[in-house]
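Two complexes follow with chain A in common, the first pairing it with chain B and the second with chain C.
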Partner chain A sequence: MPSVIVLLAWMIVPLVMTVWFSFQYYNLVNPEAAGFAGLDNYEFLVTDPDFWAALTNTVILLGSVLVITVGFGTLLAVLFDQPFPGRNIARLLAISPFFVMPTVSALVWKNLLMHPIYGVLSVAMRAVGLEPVDWFAQYPLASVIAIVSWEWLPFALLILLTAVQSLDHEQREAARMDGAGAIAQFFFLTLPHLSRAIGVVVMIETIFLLTVFAEIFVTTSGGPGNASTNLAFLIYARALLQYDIGGASAGGVVAIVLANIVAFFLVRSIARRLEV
Partner chain B sequence: MATLTLRDLRKNYGPMEVIKGVSLDVADRELVVFVGPSGCGKSTLLRMIAGLEAITAGELQIDGQRVNELGPADRGLAMVFQSYALYPHMTVRQNMGFALRLARVPRAERDRKVDEAARILQLEPYLDRRPKDLSGGQRQRVAIGRAIVRQPRVFLFDEPLSNLDAALRGQMRIELSRLHEELNATMIYVTHDQVEAMTLADKIVVLQAGRVEQVGSPLDLYHRPENLFVAGFIGSPQMNMLPATVQEAGPSGLAVALASGTRIVAPVAAGSANQGDSVTLGIRPEGLRLDPDGPIGGEVRLAERLGGLTLLHVTIEDGRQVTVQIEGSDLTRPHETVRLSVNPVACHVFDQSGRAFTHLLKHSLAA
Partner chain C sequence: MQDSLLQRVTTAITGWAVALLLFFPIGWMVLTSFKTEGDAVKSSLAFTPTLASYGEVLARADYLSFALNSVVVSVGGTVLALLFAIPAAYSMAFHPTARTRGTLLWMLSTKMLPPVGVLVPIYLLFRTAGLLDSRIGLVLIYALMNLPIVVWMLFTFYKEVPNDILEAGRMDGARVFSEVWHLLLPLTMPGVASTGLLSLILCWNEAFWSLNLTSAGAAPLTTFIASFSSPEGLFFAKLSAASTMAVAPILVFGWFSQRQLVRGLTFGAVK
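Coming up: the complex of A and B.
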């Protein structure tokens, strides 16, 4: 019981403070302008085009990374389930990006792969006579999506691979006897078998992908303009670049509400699947 | 429906040969049971027939046509797996209709066939349930239904009853017999349970270490085992095996002496047996009787009273243990001294390599 109280305080205090600040005028460079703000912070937030851009970017980032990691994760899991020479090493290599810190991997992508002059991609494009692309200037959000997907694909692969391996081999043989080829086996047997694992991957990734920050901070700093600003980065920019704690708190409350809406639907759909 | 021919089938895993040349003919509408101890290769052989394992050498023919190179779905066979291998996310109806759906059979025809199979198996009330909502016996029936729906040329069963409890197993055994009669189908059935083999089979194939030990009708194998392995494997309780030496070879049989000196005449052709040869005398438990004037003496160690049958475990004079099966309820108590006589018809003699000497008496039931 005491531990529950400690835990509750641990969660409730920051939440209540965030909510409280979101109703205050509270700017670190202007201590004069203090006091109760009512819904002003929220009004300012929803009338700010940056906010809607950030919200859209958050959703695009989340959706794209989920599709890419679950899609490729499933295919790779099925592939890595087949015996082939060097399978263990291939598995290790495929999983290793997960152990690289987000900051480090973002830097590696920024300076070694996507750099318009020194990057491997630009060198390769120049070698075949193409104009190199300044990825973070021209496709900022897509570049961030690529980095985050690269980081999260191993996670999806790991979970889905263990799930694929647990598929009963007699079921697969029964399907072969029933005349199912590789593709039919994938759609009628493997995919339904994986549905629960896919649900788990989607849920866990969603929780983390709503708060992607380091990758953006290191590579694009949300720019150019607001092209790669997501909600987490917007809150950071409000609080620590514009010193507007009240406005940042309002953004934080919106983020909490958003995360809870997503979590509600996800948990419900997965709980239903677990029953089946 | 279909005949099946195996011609010197072999299977290697790397350098290890697990099926060492099996030849067999399965007639149309015959129920053939592969039986043997675990690891004898019976399941591998079935999977080779099914097409799930490649055939290393030899030829497999269905209806006289070579099918070695055909995939499992193209051989026109259906298999019932030990774990049932039902698709967990599909309903019973979808499970049973899956093969037809893959073969692009129109929906109406598919439903008709599934309904027909469900009627035969009494599965109609469960068609819209999922496998996890069914009992073991019902899942078993769905697995059989999935096979029936395809109208295969040959049914293959891989130890289908081993996951069921004893009572249900007995019931399903009867049901399978009925099904075999109703479907008029060729079936191959793998089991390690010799009771299942005896009750179901038209023809039993006894396998050991990748080789066929004997092929024959259940009673054939029981009354005329060709070697020690078959004699020991078929029949429950097991045949009593006693070491003996040949005393005399006569026209009416072979006189052998047990280690205790007791002389027994077994009605088998002497063949190449010479006086003094070591042989094994096999006596079925029902071939021994309690008889105050019998030649073998011993002490009862344990009495198993099953009601209709009584099994006495007797230690005979030379220290060996034998089982005596008596009809009805016998009241002989442990530690009593008894004498046993031997029914010559139930006696078998095996030479040192394990081969049986030919029986002189034709058994009325065995072919």
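Coming up: the complex of A and C.
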């Protein structure tokens, strides 16, 4: 198993280095202040309001995007399961955002849609007599959530649609014979059938959403202030903008611990279904 | 019992409305890319299409080098990941040990570690090794980044190959290498292809490592596009043209392969 060894080395070496640096004074612009720091970096981190803001933002971002994409994804999956003219083309259009690279989607949203003067949204709002909004200045986190949801909704749709289509049509027919309305069918037949697929969607999205970076980097740079800084961006800013390797590493350790807590529950729920 | 006409019309209208709404940002981007800079900021549909922006983006000599970087690192990273993953998935699928299950789950959990957690050490290691801003560095990162997913996907595809076939091959005296090369690979070609496809898409769109580890020499298209975010770079039409070119190949790719992708992405859990 050569790849397991490679992967092990790949994960362990940087991990150990991160943990090691997190206990050191290590600043690239201030080489004199080196040496063992003990828990100073961590103390500095937990007393830093930026850190708590970033942690909260990370969780809010993850939670909202999950709710939005799984919720709408389920509804849309049921919708696109119905036959209608041109359904295949409509479906291709609907899943397209997933294939767009994050920097492009962030920039297109920022400049073409949400720009306070030239964006389509502002133009539309002015047309109906509303005051245009500077989205990224006034609602930074919500704007980032909107972009990220737009990117991941097609993914949820794609997976859930496949699951809906595998639903037994005879079963559905039987339910209808028994007098189940559309809503009852959805809740008692479709939704239980989808639970496994929803689990998969939640797991994969969580993996990627904990580390959202490009969307923030391109649009708000974490601002204004720290309003849209998540952990990933905070660590980046600490390490590569402020050259504070020790502090950034401490943040990295926290991020890893956080991810492990999430991963623990997710992996356990998957392990139960895994047949090896 | 047939749905009423009204119901069907509503479904069709809602379906198309949702699809167009979701596609709107992409469509608008493509539309803007054919405008002049003056028209681009006007948000109006009345304009004369022009290819000027495409010309200007392509005329910047470095655009092609960014595109080339994207191709090289995506393909390189995918090939490297497959080279490692094929033997690993093979041994796990056909010669499982007591630890196979644990190893698989552990690999998946590594994928959940945020890359930022290890950004600093990797950055310093790369700086020491002279790999910063080099294509080889990115290829290595991408291969390792996708390795867990690639192994998992291949594993689920391999599981569906009956052991008897390989058994028969072994009876005929096939060594391990030819067993994999002449039997397993041809049998699972669609699976390997969709695995490679997904890895390619992930590499092509990757923006964390490329933004942090490259500056000019090895930067792929994601980085190039990100450079448009600076305020003085506010050229809507050129931005759209560059973005359209960066997105188009992978978008078309995705359209054709969506079915295989679902299976791959869900590790075969949803069929």
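Remarks
As a working rule, the second predicted complex is superposed on the first by the 264 of 276 C-alpha atoms of A that agree within 3 Å, B and C clash if a C-alpha of one lies under 4 Å from a C-alpha of the other, contacts with A are read in each partner's own complex, and residues count from 1 in each chain.
The working rule: a contact is a pair of C-beta atoms (placed from the backbone, for glycine too) under 8 Å apart; a residue touches a chain by one contact, two chains touch by 3 or more.
Just so it is clear, the model here is predicted, and its values are computed rather than measured.
The superposition on chain A brings chain B alongside chain C with room for both. Legend: residue contacts after superposition of the two complexes on their common chain; A:Phe51 is shown touching neither chain B nor chain C.
When the two complexes are overlaid on their common chain A, residue A:Leu79 makes contact with chain C while staying clear of chain B. By the touch criterion stated above, A:Phe136 is placed in contact with neither chain B nor chain C.
Taking chain B and chain C in turn and counting the residues of chain A each one touches, the greater count comes from C. Of the two partner chains placed by superposition, chain B and chain C are both touched by A:Arg176. Once the two complexes are laid over each other on the shared chain, residue contacts for A:Leu210 go to chain C alone; chain B is not touched.
When the shared chain is aligned, chain B comes close enough to touch A:Leu189, but chain C does not.
Of the two partner chains placed by superposition, A:Trp152 touches none, neither chain B nor chain C. Put simply, chain B and chain C get as close as 5 Å, counting only Cα atoms, in the superposed view. Residues 176, 276 of chain A are contacted both by chain B in one complex and by chain C in the other.
Chain A makes touch with chain B in their complex at residues 168, 170-171, 173-180, 184, 188-189, 192-193, 195, 276. Chain B meets chain A in the complex at residues 50-52, 71-73, 77-79, 81-83, 85-89, 98-99, 102-103, 130, 146, 150. Residues of chain C touching chain A in their complex: 1, 8, 11-12, 14-16, 18-20, 22-23, 25-26, 28-29, 32, 40-43, 84-85, 87-88, 91-92, 96, 100-101, 103-105, 107-125, 144, 147-148, 151, 201, 204-205, 207-208, 211-212, 221-223, 225-226, 228-229, 234, 236, 239-240, 243, 246-247, 250-251, 253-255, 258, 261-262, 265-267, 269-271. Residues of chain A touching chain C in their complex: 1-4, 6-7, 10-11, 13-15, 17-18, 21, 76, 79-80, 82, 84-87, 89-113, 117-120, 123, 150, 153-155, 158-159, 162-163, 166, 176, 196-197, 200, 204, 206-207, 210-211, 213-214, 217-219, 231-232, 235-236, 239-240, 245, 248-249, 251-253, 255-256, 259-260, 262-263, 266-267, 270-271, 273-274, 276.
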